[in-house]
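Sending over a structure as structure tokens; questions will come in a sec.
Here the chain labels run A, B, C, D, E and F in written order, and each chain numbers its own residues starting at 1.
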């Protein structure tokens, strides 16, 4: 048991990796086995994430002190080896990832995963990338995990082929490749000026830099920041986002809910580390705010402009990114807990909403081909000339939505409508769902701290921005909702399988629970924010990590 | 008088690098695809020789390994390019 | 040598950026390759330039780290090279797929008019 | 606790109602009715607790950190309204049971009706400002669902959406207002807010806060200028209108205004803001009501007008006006609900609500006619009905309040004018429907409805009468309690009586009654009774709403087009430019030349890079029209990079760079076959001025990027190195890492975790490439065998049949040689794999050597030949490689060390001697396998695409011997 | 049938390569090399089904030294041509056709290696029947004499080794 | 140990070999530029690949052997490799040149 707790932090990375590799080995015919492995892996990840979340609250102080757990890979001393660091923020991210992915997987079991493409493997490896990115305490290792998750996301995005999807995937890949190069350049500059890659080690060393070297370090940080802003979907670096998210299959898009958040997470993590430095904070804040605010407005404009639900949801992802960035940019520590609350709800929102879009697409009979899996897949699957005929390879089966996978739910339309409404409320921040609570907390904190922040106008702009975009989102969402559910004659009641409906419902129920338990949740977020803004604790614990005393030579050789 | 080997190394390296530049001239001039392939192949060969010279200079066998690999991969690259020029595809059914 | 090294990176990066902004997929992929050469050289340069001292320990007993080239950037570049190779391969296949589906090799899948 | 039950009960009822079967009208009605009656009884039971200024409270912590608690608070004012809402709710349920047709999906109706009731009760009973907003927004949402109940009607959809957008927008304003209010007071607790009136009024934020709250209120209560949604909400089923648009939802605004009256009133801003909205709505509503053709339209505008009256009263700033306002809220709810019900009956029984078509219904439906007439009388302010009493109070207060302000004569004038209009439209309403000759062309022959529809409206009318005749023993005491709970000891003395003697208000009433009747008579006589409202009819809110909607979409679309692009180039341009800009800003005060000693210059290196730079620039220039040339130049640049690594003491890098570079070139070549041919002349004529400009811009950016990158590089290269990590690694590699090659020890041990991630990336990509290519669809013109091959093949076959030991064509000699290379390559790869820990090499390079060996076999033998003899199963290699690497990491768990801790042992073998076995080697072996698998998988999957050529297939079809499936082989 | 007897010559050659690479004769390395050599040579027969039969090893060795000498000689000759030292006479380059009796593919491969390794001659084409070999020569002197010399010096010896 | 430790008996021939190898390579590369047609250009690079590389390999063997006091022969591998692979590319390129129409 003790050993299990000791190795808990590595499990979110090893478990999906092993599962992904085993799934590669397993032939497509063994569907039941594949599903079992994929599912149990995610369940384990969820359990581990929840356990880490529990440990991170400092509930068991004799295991981790002050809620920070450190896992020294290879038992090398800090800061030379790579460390995994679990604190409240990363544990929260792990939990969200596990929830979202579990929901997405169950949803996918309703038939989305059937065409023989490596969904399950990629799915697991995406989890590995996400979990790794959230856990690692090393800047370059963060890059590696970014690449893992991106590579998996490329594959998942390309599922189902089709010209739209491939086109958007190409853009997505190109943009991310460039961003990754910037990431590398930034990391290299930081290493070149500081000689370290450990995030906790950065803080102390930055302070020692002379001004010219400091400028070089800042350049590295700035380029790194641009890379993160690209990943976070910040305007004007986010043109790739609406296209690629809206063509991804719904269960895939549902887990993509975490992807932009990784960028925000990285900004938050490294930003708060550097934010301790007055000079850095003075530059970082306004930049984040203006990028964020522009993103907020741009995303809203996109939502208002689009007539296509998935695109609209994609723009809502941009809006939430913008809101988070702008909030972080205001530079008031009082805003962070609420921002984290909003972060969590927006992940769940996006996940639920993308899953809903997969079902609403089926309500239309003659819809555009990009939206309906059966039509789309048929176009993509049948090549103009039959391939591999000479070798007798089975062509992949097209999606066959007529075939039943599991039972259908009664009152499908009512359910769908209800879920849609919940998603609308979640996106727009209306009660009683938790995004209202989060936005309220944000507004309250912004108003409360407005007189004290560097630029009070930023706080007020944020307040107005949050409310105005919420209102605009209502306009956009009701328009599309009314058209989808109320207007038109070509509507039909889709067959919704329990497997599709259940995860959406569960996520919504989770949201309701989060809303009801706001007080408890907010206490957690407050503690998380507090530790974020007191990085010296994080730094101290990480740099004095146990097991990092000295390499135990005898055992190693 | 052992500086002589140093000079010899330098002369040889200069010859090799100049040879590389010559190969590049052909690479740019073409005119046909096979000229470029030939030029690149020569470029690789000269690069391999440069590593051998570096190896002699630092009395280290690891440069030999690198030279071996350049030879191997230079060949792979050349055959792929040549195959493409000749057949229009590198690997055919 | 430092100035030559820096200029080399500059030229590679400049050519890469130029190609990155071109409309043809093949141009973009060549540009990405050149850019990753530049980036790899850059990362490597973070360990500064060292002649004739590869980080391969050939002595016994006490080891003076200052005598060897910095191995860390080298390790980082190795990882970066591999990842760059993988993503380039993927990009290539996607661009071929796009070409197959859209009939053009324009990055947007349609010719600009 | 009881309060919570009052709120929760309707919501539970709502959920239950939603779960009942579609046609269960009776069950639904019983359920909803029971809930409403229970609520009413529960509320009623609290009378003695709230009487005399008592307050019932229940609170739970919700988000205490932000001051948001679940806090239900009932004083007499709230009690009165809660009673009203639940009582009328019960009546509406009864009415709806008979009103709704069997085809209507009633679960939805009753579910939302109950939810609405719960939200309304929640609004009324909220003791926390934010919680109040929560319920407030819930009423908007549920009313949206109710208004849009018959969503197959376009008007219903539009009306619902209009109502929602206006009220939710107002709700957001209210939220902000409440946030400000809470911030001013320091608490969202209603008690504390109400006690902090002076502090609030004195605060700098008072103005904006009040404006925001008032906007929230007047949107909800359909006051000018946000009144337009209410008439369009009349598309709701009539029970909904009877409930929402008379008693409940629209009252929420004025309810709130009265609730906060003690804390907020008493400033010029308050007076002007609220009086303006109220007075405008008052007149506008009354005037418009006079010209509506739809019965519900009349009622809707009348509601606007009456709510305007209430608003105006609240704005007047006198205590008595507040009492009058509360009184009129109740009165209006009773008569308006019954009027809506009567309208519903008419609609239900005749099939139309058109005042022009309807006529003389008093013959067919006398009871309905009587009920409607009495209720309309109350609406018009006829004596002995409840409307009269509050109207009198209004008239009186208009005089009192008017005298205190600059608008001395305006208020009584407005009041009288309103009275005239009210009488006129009430008279018109009754006269047009129930009097005159019986209508002939109605959709259905009219008759009295079932008792279930009559009873609720009759009860309400009785209430109007009772209150109107004996106010002091009916509503009077309750009103006093409510007013006391609002005003406390400030409550002025007043008397509810039918007869106050001949006073100015009474005269005004007479004028109104007489004037109204006369005005209507005038209109009828002139045949103007059915004309559209003068001036106002041109202001069509529906069209305006649609236009605004379209404008928003268009505007947003334009904006989105301007600020987003679906094209790749602008995106990449922006990203690169942003990074440049960010770097430029950060670099402002650095010194680009450091003081570290430089390495001695070497002309050979300069020459080398002249070549390298030429290759890079050449590749950039040729990549469009001479892809092949560009590719060779890329190879040149790659080799120079490799040599540079070797030059500066990075042998591992040189090895990896050269191997990756060659594999990449091969990959690109494989891809080149599928790209369209490009002819130079295609493009030349497109060199427009704009294109030139674009190229100049890109060139500038490229030059800037290159220069910047070079400058940063130089700045760093000329500074002394930071050896923090390096010295540790160098010093410990041999002792603790067991290897002499520090780079390799870093890769597989110190930072093996990076490598694990890196090979995962490679594995993923291979998997994706394979999956994508299985569904690949080549462009039609590139499906066929390349021209080069066709011409060549016409001359002499290159290959032979798969059965041949060697190719029969000219590939025979190359094949003999190349096949000898495979075992050699295998050995070289083992060598690099095994000694990587101590010298340059390692699993990655070894793997690429092996993979290249395989690929060369494919090149000289052809896919079919190779795969008919050998199954490689690269996917297996990938998976096993990953498992080996991760397994090597997990091995450390056995000795309870962290993941990836190296575990080593010295084993003695017979004949061979001591062998050093280490988990690190297994890790590197995993890397080796994965690299082989991934590389082969990608290259071969790409090569397989040539099998799609019909010509090739035709040839293959002729083969008698069945071949292995190449795709299977790839698994 | 697919896994025939392991080709021992190849295995030995591989072991030789292994030891050349490692430059050591420690038992561990030798043992590992031997095992790997057997394994690799054996499995590689699937992709290398055609196997040479070398009959006269001594001829092969003799040929090796002949070729080394020829390489040096032709290198010098070509250097003269490149540097323009042959200004006195017209250097005529072109294709020549050699009637060939050698049929063994491995023999042909070695011939190709020889021709290629000698500057001044390049393997251009082998006729489909295998009867005619076309070479490109940088400096064609007496064509017939050279063909005779070529056949005698290389082809005859190769036929003795391989056929 | 450094190059300065090299005895003269080794350094002199090694130097000669190196210079010769370098010159052969350079001449071969010059030939690649100077000669007029493709077929002729096929010949000179072989000089670098064979004698150029050969001389350098010999020099390398000589130096290593002299410094390490034992025969160092692994350089032979490169020579074997070059000889094995050169014909393959030559055959393909010649065929391409002879039969592919000018592009």
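By definition in this document, contacts are C-beta pairs under 8 Å (C-beta built on N, C-alpha and C of every residue); 3 or more make two chains touch, one makes a residue touch a chain.
This is a predicted model, so every value here is computed, not measured.
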Quiz item: What's the fewest number of moves from chain A to chain B, given that each move must go to a chain touching the current one?
Solution: 2
Quiz prompt | Shortest contact path, chain B to chain F, counted in steps | solution = 1
Quiz item: Compared with chain A, which chain's mean CA position is the farthest off?
Solution: E
Exercise. Determine the chain that sits nearest the middle of the structure, using the mean of its CA atoms as its centre.
Key: A
Quiz item: For the chain pairs D-F and C-D, which is connected through the larger number of C-beta pairs in contact?
Solution: C-D
Quiz prompt | Inter-chain centre distance, chain C versus chain F - centres from mean C-alpha coordinates, in Å | solution = 30
Quiz item: Can you give the whole-Å distance between the Cα centres of chain B and chain C?
Solution: 21
Quiz prompt | Between chain D and chain E, centroid-to-centroid distance (C-alpha), Å | solution = 73
Practice problem: Can you tell me which residues of chain D touch two or more of the remaining chains? | Solution: 566-568, 572, 576, 631, 647, 651, 672, 712, 716, 721, 723, 725-726, 728-729, 750-751, 754, 758, 761, 764-765, 768, 772, 776-777, 780, 788, 792, 810, 813, 817-818, 820, 824, 828, 839-840, 860, 942, 947, 952, 956
Quiz prompt | Residues of chain B whose C-beta touches two or more other chains | solution = 13-14, 18, 20, 33, 37, 39, 57, 61-62, 68, 72, 79, 83, 85-86
Quiz item: What parts of chain E, by residue number, touch at least two of the other chains?
Solution: 17, 21, 23, 109, 112-113, 123, 125
Practice problem: Spell out the part of chain D that touches chain E in their complex, as residue ranges. | Solution: 796, 805-806, 809-810, 812-813, 816-817, 819-820, 822-824, 826-828, 830-831, 834-835, 857, 861, 866, 869-870, 909, 911-915
Quiz item: So in the complex, which bits of chain B are touching chain F?
Solution: 1-2, 4-9, 11-16, 18-20, 22-23, 25-26, 29, 32-35, 37-39, 41-42, 45-46, 48-49, 52-53, 55-57, 59, 61, 64, 67-68, 71-72, 75, 78-79, 82-83, 85-86
Quiz prompt | chain A partner contacts - residues on chain C that touch it in the complex | solution = 20, 25, 28, 32, 35-36, 39, 42-43, 45-46, 72-73, 76, 79-80, 83, 86-88, 90-91, 94-95, 97-98, 101-102, 107-109
Quiz item: Mind pulling up the chain E residues that touch chain D in the complex?
Solution: 2, 10, 14, 17-18, 21-22, 26-28, 31-32, 36-37, 40-41, 44, 46-50, 105-106, 108-109, 112-113, 123, 125-126, 128
Self-check item: Of chain C, residues touching chain D in the complex
Solution: 1-31, 33-34, 37-38, 40-42, 44-58, 63, 65-66, 68-72, 74-79, 81-90, 92-97, 99-101, 103-105, 107-108, 112
